[in-house]
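Encoded as structure tokens, here's the structure I'll be asking about.
Chain IDs A, B, C, D and E follow the sequence of writing; residue 1 opens each chain.
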Amino acid sequence: MQRIGVFICWCGSNIAATVDVEKVAEVIKSEPGVVYAANYQYMCSENGQQLVKQAIKEHNLTGIVIGACSPRMHEATFRKAAEAAGLNPYMVEVANIREHCSWIHKDMEEATEKAVILVRTAIAKVKLNAPLMAGESPVVKRALVIGGGIAGIQAALDIADAGFEVDIVEKNATIGGRMAQIDKTFPTLDCSACILTPKMVDCAQHEKIDILSYSEVEDVKGFVGNFNVKIRRKARFVDETKCTGCKICMEKCPSKKGLNEFNMNLNTRPAIYIPFAQAIPNVAVIDPTQCIKMKTGKCGICQKFCGVGAIDYEQKDTFIERQYGAIVVATGFKPISVDNFNEYGYNDNKDVITSLELERLMNAAGPTNGVLLRPSDGEHPKVITFIQCVGSRDTSGCGKPYCSKICCMYTAKHAMLIREKYPDTEVHVFYIDVRTPGKNYDEFFRRAVEQYGVDYIKGMVGKVYNENGKLMVQGSNLIDNEQITIESDLVVLAAAIEPEPSVRKIATLLTASIDTNNFLTESHAKLRPVESPTAGVYLAGVCQGPKDIPETVSQASACAAKVIGLLVKDKLKTNPCVATPDETMCNGCSQCANVCPYGAITYVEKEFRLGGGKTEIRRVASVNPAVCQGCGACTVTCPSGAMDLKGFSSKQIMSEVEAICKM
Amino acid sequence: MQDVSTEKKEFTPNIVAFCCNWCSYAGADLAGSSRLTYPANVKIIRVPCSCRVNPMFVLKAFQRGADGVILCGCHPGDCHYVTGNYYTRRRMALLYSFLNYMGIEKERTRVEWVSAAEGARFASVMNDFVKQVTELGENKRLTDLRVKEGE
Amino acid sequence: MKEVEMKMLERAKALLESGEVARVVAWKKGDFCFDPSPAVFESVEELDTFVYDWFCGANLSKYLIQIAKKEGKTAVFLKPCDTYSFNQLVKEHRIDREKVYVIAVECLAKLDVEKMKAKGVSMIESVEVVDKDVHVKTAYGEETLYKPDVVLTKCETCNKTHQAKDEEIILHERPERDVNRFAEVEKLEAMTEDERFAFWRNQLSKCIRCNACRNVCPACSCVKCVFDNPASGISAKANDDQFEEQLFHIIRAFHVAGRCTDCGECSRVCPQNIPLHLLNRKFIKDIDGLYGEFQAGETTEGKTPLTSFTEGDVEPKDVFNGEAK
Amino acid sequence: MIEETLIPKVGVITDVRKDTPDVKTFRVVGTDGKKLFQHMPGQCAMVSVPGVGECMFSITSSPTNEEYMEFSIKKCGCVTEVIHAMEVGQQITVRGPYGKNFPVEEDFKGKDLLFIAGGIGLAPLRSVINYVRHYRDHYGKVVIVYGARSKDDLVDIEEIQTEWMNEPNIEVYLTIDRPQEGWDGHVGFVPAYVKELGLDPNMTAVLCGPPIMIKFTLAGLLELGFEKSRVYTTLELRMKCGVGKCGRCNVGDKFVCKDGPVFRMTELDELPDEY
Amino acid sequence: MYRISKEKLNDLYAKINETSGLYIPVKRAGEVNYAVWGEGKEVSLETLKTVKSPKSMFFPQTENMMKFKTDGKNIEVIDVREQFDERRPFVLFGVKACDYKAIEVLDKVFLGDPVDSYYKMRRETTTIVTLACSRPEESCFCKVFDVDATAPQGDVTTWLDAEYLYWQANTEKGEALTALVQELLEEGGETEVATQQAQTKAVIERLPFSNLDLSRFTPENLNALFNEKEWEEMSEACLGCGTCTFVCPTCQCFDIRDFKTNEGVIRYRCWDSCMYSDFTLMAHGNSRTTQMQRFRQRFMHKLVYYPSQYDGTYSCVGCGRCVNKCPQNLNIVKVIKTLGGKNND
């Protein structure tokens, strides 16, 4: 026989003023299964908890119901109290007779009646509660960072500094990411490379960090604490362990017409190359689509000249498998293609460029060695027009519906830099709104307008066209309410940014969810912004949403903190309120796995006895309790009812329904 | 906001509200702590997520004599479990449409998204739903007469 | 039809003789010309009773759940509509596709002997179909019925084509027809709530809870049905209580929603001729209307409408008669 | 109003004994404090918890007990689980008695009797053994062989050890499947033990226990020279009505609830193999 | 013998309904089943086979047997049979010969010791009016079980032709009913009935199943029949549904279940089917685990076990409902033809 104890809280007068608590306790006493019912001023107080503990021991209670405030408030309190008295903490139910009863009703009789029903409902539930035990799973003390941009670098450094092994998987030949391409950073205008490259070097030199450049994540299995990741190491045709980065191969390579991706294709590079001077690892890579030896079998010059014999044309992709406890996704972004925006004439005019291209044109290590020359004729542009929100906040379908967040600031930065370096240059900026939230951001923008005299025009650009070698920018000035046309030498498009496309595959591998714009979804928009819904997977940088460098770095460090918090544990306690399949009823139809947001459900073949000495092998669902978060989506999808949720079982909920309806 | 509980009416409907733990239940808590009122015949069952609510529970409620069933969850996109309420939305849209196809009054069923911050909305939704079901009268089409036998 | 049957028999013989398959799932003759039963043939000798005629309406795909588990390969003859159920079962891992050899057979609609009898034809001795005429020989004489009047309800609006086949035996192409399978559902939708309730009350009051609809349904393939499971909280037997009748059919329709291929077996087998397919079709119509056209059983992979979503899905309150308001 | 066997009487639990980890014995009397109805050894009764369900159990107390009846119930389904949670003072419903009893007044009279039980199989035998003890001079020698998985699984060990074993003219042989600390008795399976004991084949034997035990013990008895016509056992199948009408507990043309549960081995031989 | 013109049948029903409930074949939503008569209901006496048999008159699909009131630890049993006393007597109208024979089959079970009082109370207060068949169809085989479809028994026997319903009382109950409706009846009809009977009998002779051989279905062959290997093949298409059981006029398996109300518990019984996989399922096993076993049980019961228990009477009456309704066209005729005896070929 179940022995239920019921405790009704007065909550001072919060409950007792509207609910006749003594009457509730009295009525409840005669409920089947209830062996003890009491009421007390403050159940959550030390004395109140003591009362609970004592009653559990004295009356040998098998379950307790607390009629008090919301379980969101004190469920944990009473569970602890129960546990201290030797009762399984999950044999506790809370009837919410404050927020859902005494505080919303005025009539004492009505509120008392309702309180009785709510307590009865909790009793009906607790009678079907089962003792639950939190499970445990071990933690592999190594983290994986996917993406070697500033987000990945920062996260890796922080984790490694805490003493944990970290692998960075970077799909390009060097780490550094987008930040390496940027010339100066706002709002301080300090040199991007100067602050980034030391961190890259730190990574390379850190004994806990292993950089797997020119590599991609191929497959992910397992779950929080125990991911098993297969990584493809792409063939770079250069032995990483031998190459010294002397660059002689680059000099000697006869095939020099490859587009230089690092410089936004604004100049060329040889078939064997190191992306940029400070690349980490400082190791060459051969572009097999460009290499003469690899295309025709004739050449082999680099191999001849390589002093250490690092060149290997026969190299193949290799795979490694490693275990990780946590994964940080920091796959970053790319500017969107502006090909769709015919009105800006990007494809038709060499002097219509994107902002990232401008970065390279202004960078000392860029194609023009830092001198601003326009691409068409190498002349200094005298009139430069910036167009903001190209593809951002665009609901037409051509662009992205969201704000890319960084464009206002970098455009102000570009305008300011140009005006400073080339004061004779006229700079116009077409904008819809200027958004400058952030420390020193608005001041920065105002300096551009006030100190540097940049001409900000509120309005949209309708068309950019070439007229006699001049770029005519036709737009509206909304403030003066007039149509204007600006004759320009260079037009810079502040293109929207979007998540690096490879994130889709990674999201699938990690069962991490992704939104319609391909940004990874965080576990909670406000309270768990760096965690993916998939336990053990964390998000840093633009893969989660548009952000600038300081925000990216903050998020990366936050990720690191989360990862460290996870990796310091030897074992993980798992939430016991998880889904469990009754294998004897499971059809193995996979419907549950289809709705599981966490990828917690897998399938195994099991043998079942049929009676009469016969057996059959069936495919049945298996839930990984370390991964399941207990939402219950699977339980409703399961037609046979084989899947149930501990702590919120179908039987429990139905008995609550019955108790409530019995008025 | 009209508070129907103060009007003395012959028929007071029995309403079962399923609320997800993270948004709507918290919203109901906020309604309480803001001392907003709604009728006492609304009784809430806490579920982890609206996607835990099986159509069987809804039908069970009607069987046992509920006159209206309302299901509350986080706003789409805000689900604590990321996607749970998206499934709820499809399931319940189809279920409720189907019940109506069978001739069950569609005013007896409802899905509402109520966030943890929307205490006032929770109360007004409940007041509105109670009013709607009260106007509709007793559930006779989807109830099990045996349940009330002997009363 | 005779030609098709001969070809099928030939293939069944060849497959069994060569040992390519261990058994053939098809139909066998009954006592009359209109009562064939599904059957498993394991040897050439057993094929004596093989039949494929105008009354082979039964869907064989569900039998494969058990039969295909046996040693060796199983050949099965599937009509167009059966292949959808077959695919759905493959998708749900209930049938191992590799262990089944699917022979797609032509179907120019199947006849419903009950409808024929309702037209006053009894003591049927033989049936021959020429185009749209059904020539019936009975002990009382000869009669000709108009075929569209006496086909199985599920065939009336069928436009299905084979979705799975390893080979085919199709001698006559069935012309694509312009039919609206939702016409009956729409009629109900156009009624008032009260009328709809009365309609279903009238229909479902006939239900005897024989479970034929459930047991024949390829989507209802649960190892243990919730209605047979005392632990489910809704288990029930032959209750003729109004609520129970509704509960059974609502839950059943919901459980197969998004998985029901509209094979129509439920209505075919109902001893009380309750138009059960109109329940499932409501779900299909709603799904098509709200979430985009979806035909269960077209593929053996992918999610169903109830296990997927889009962020912009219609709100339940805005759904009326299968369309967003 | 004519009598209706399907309408039960209300019984009050007056005592609960925990026999083994999963077997409890419940003592039941009517609400008037008197015994609910008379029965004969081997007969059964339908015990139910309203709202949960009914289950058929053999009445384990002897008919000679005029005060109460007892049921030894093994926890193995939802009804038994609920019954197991019940306490003294709680009410249940009981209807019966059902079925054919052991032929204690006919075939058993004057015979030497051998009772062989395994595990919970002692339950139906307790009734007949105590009946025989009560009318001790009507019967010859009594030999009891009882085995269980472990000493903790021996049902009613106290009664066996304090009463049966101390009675003259009753031989009790206990065995458990595997050696266990605190057990200095025989270890081994019942069928083997029976053969070991080399029992007198002229005795009338009653077998009760799991099907596998019955199968092997019977083979052993036949080897020893027992005649099938003098070996009895009981069957257990799903029952609902208890009176041969609901249609589920038949084996061939016999209903276990009505024509059983006691069967002579020769009777079983005539029935199809479906139990 | 009396007769009543067909136009006046409604008056007959109304007259009967004044003093008794009338249970009669009624068309609802396209199907004809026995139902309580009321003004405006569409009676269909012409229908040869109602979907459900009239057995539900005495053995309803669901029936409350008792109630329990629970109060704390106490249980009170409430006998619901008292309501029977207040119940009006019933007239069961239009029962075909096979279905009447089926009631006799059920009587043996429910009125045998111990008497089932629920069944008995209904049976005693009911007057049965049978109706002879005039247009049997190919699925009928009542002749095999010695049923004369043209002369059913019952308290009153009736015959129907294009113009009249002919009426003949057979028992005291029948006489009483006749007296009640006397004003609507007129004398006559002997020749019409005799002609109809002769014609129908001729048709019955020609029915394809009229000469099935049952000779092997004897208690002596019980084990031999049980062990026939053909069961496997015969049952392979069986869906395990309960259609045959529920349309069968003699199937009487039931389940007893409890339903929790707000106040207590209703214990009811409802039809069950030996074809269902959970029919014999226990917590620790199942005596019939395969569909073959369940299929075999049903037909062995009808053709061997029941006759063995009740003096050789078969518990099949040849109504042919299962022949018409089995979703996969399995039926008792196929079993009889396979196992019944050599004259079936």
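As a convention for this text, a residue touches a chain if its C-beta (ideal position, glycine included) is under 8 Å from a C-beta of that chain, and two chains touch if they have at least 3 such contacts.
Please read all numbers here as calculations on a predicted model, not as lab measurements.
S.K.: Starting at chain B, figure out the least number of steps needed to reach chain D through touching chains.
M.R.: 2
S.K.: Going only through chains that touch each other, what is the minimum step count from chain D to chain E?
M.R.: Minimal hop count between chain D and chain E: 1.
S.K.: Pick the pair with more C-beta contacts: B-E or A-E?
M.R.: Higher C-beta contact count between the two pairs: B-E.
S.K.: Per the centroid of Cα atoms for each chain, what is the distance between chain C and chain E, given in Å?
M.R.: Going by mean C-alpha positions, chain C sits 30 Å from chain E.
S.K.: In whole angstrom, what separates the CA-based centres of chain A and chain D?
M.R.: Chain centroid spacing, chain A to chain D, equals 66 Å.
S.K.: How many Å are there between the centre of chain B and the centre of chain C, using C-alpha atoms for each centre?
M.R.: 37
S.K.: Quick check: what residues of chain D touch more than one other chain, meaning two or more?
M.R.: Residues 78, 90 of chain D each touch two or more of the other chains.
S.K.: Which chain C residues touch at least two other chains?
M.R.: Residues 226, 231-233, 241, 306-307, 311 of chain C each touch two or more of the other chains.
S.K.: Among the residues of chain A, which ones contact at least 2 other chains?
M.R.: 595, 637, 650, 654, 658, 662
S.K.: For chain D, which residues are in contact with chain E within the complex?
M.R.: 1-10, 50-54, 76-78, 80, 89-93, 236-238, 240-241, 243, 245-253, 270, 272, 274-275
S.K.: With touch defined as at the start, can you tell me which chain E residues reach chain C in the complex?
M.R.: Per the stated touch rule, the residues are 28-31, 33, 51-52, 60-62, 135, 137-138, 206, 208-209, 233, 236-237, 239-243, 245-247, 255, 257, 270-273, 276-278, 323-325, 327-330, 333-334, 337.
S.K.: Can you check the complex and tell me which residues of chain E touch chain B?
M.R.: Touch list, chain E to chain B: 67, 69, 259, 261-264, 266.
S.K.: Under the touch definition given earlier, write down the residues of chain E that touch chain D in their complex.
M.R.: 65-66, 68, 70, 73-77, 79, 81-82, 109-110, 114-118, 120-121, 219, 222-223, 226-227, 252-258, 260, 264-265, 267, 272, 274, 279-284, 286-288, 293, 297, 300-301, 304-306, 308-309
S.K.: Can you check the complex and tell me which residues of chain B touch chain A?
M.R.: Listed in rising order, the residues of chain B that touch chain A are 5, 14, 16, 21, 25-26, 28-33, 35-38, 40, 43-49, 51-57, 60-61, 64-66, 78, 80-84, 87, 91, 123, 147.
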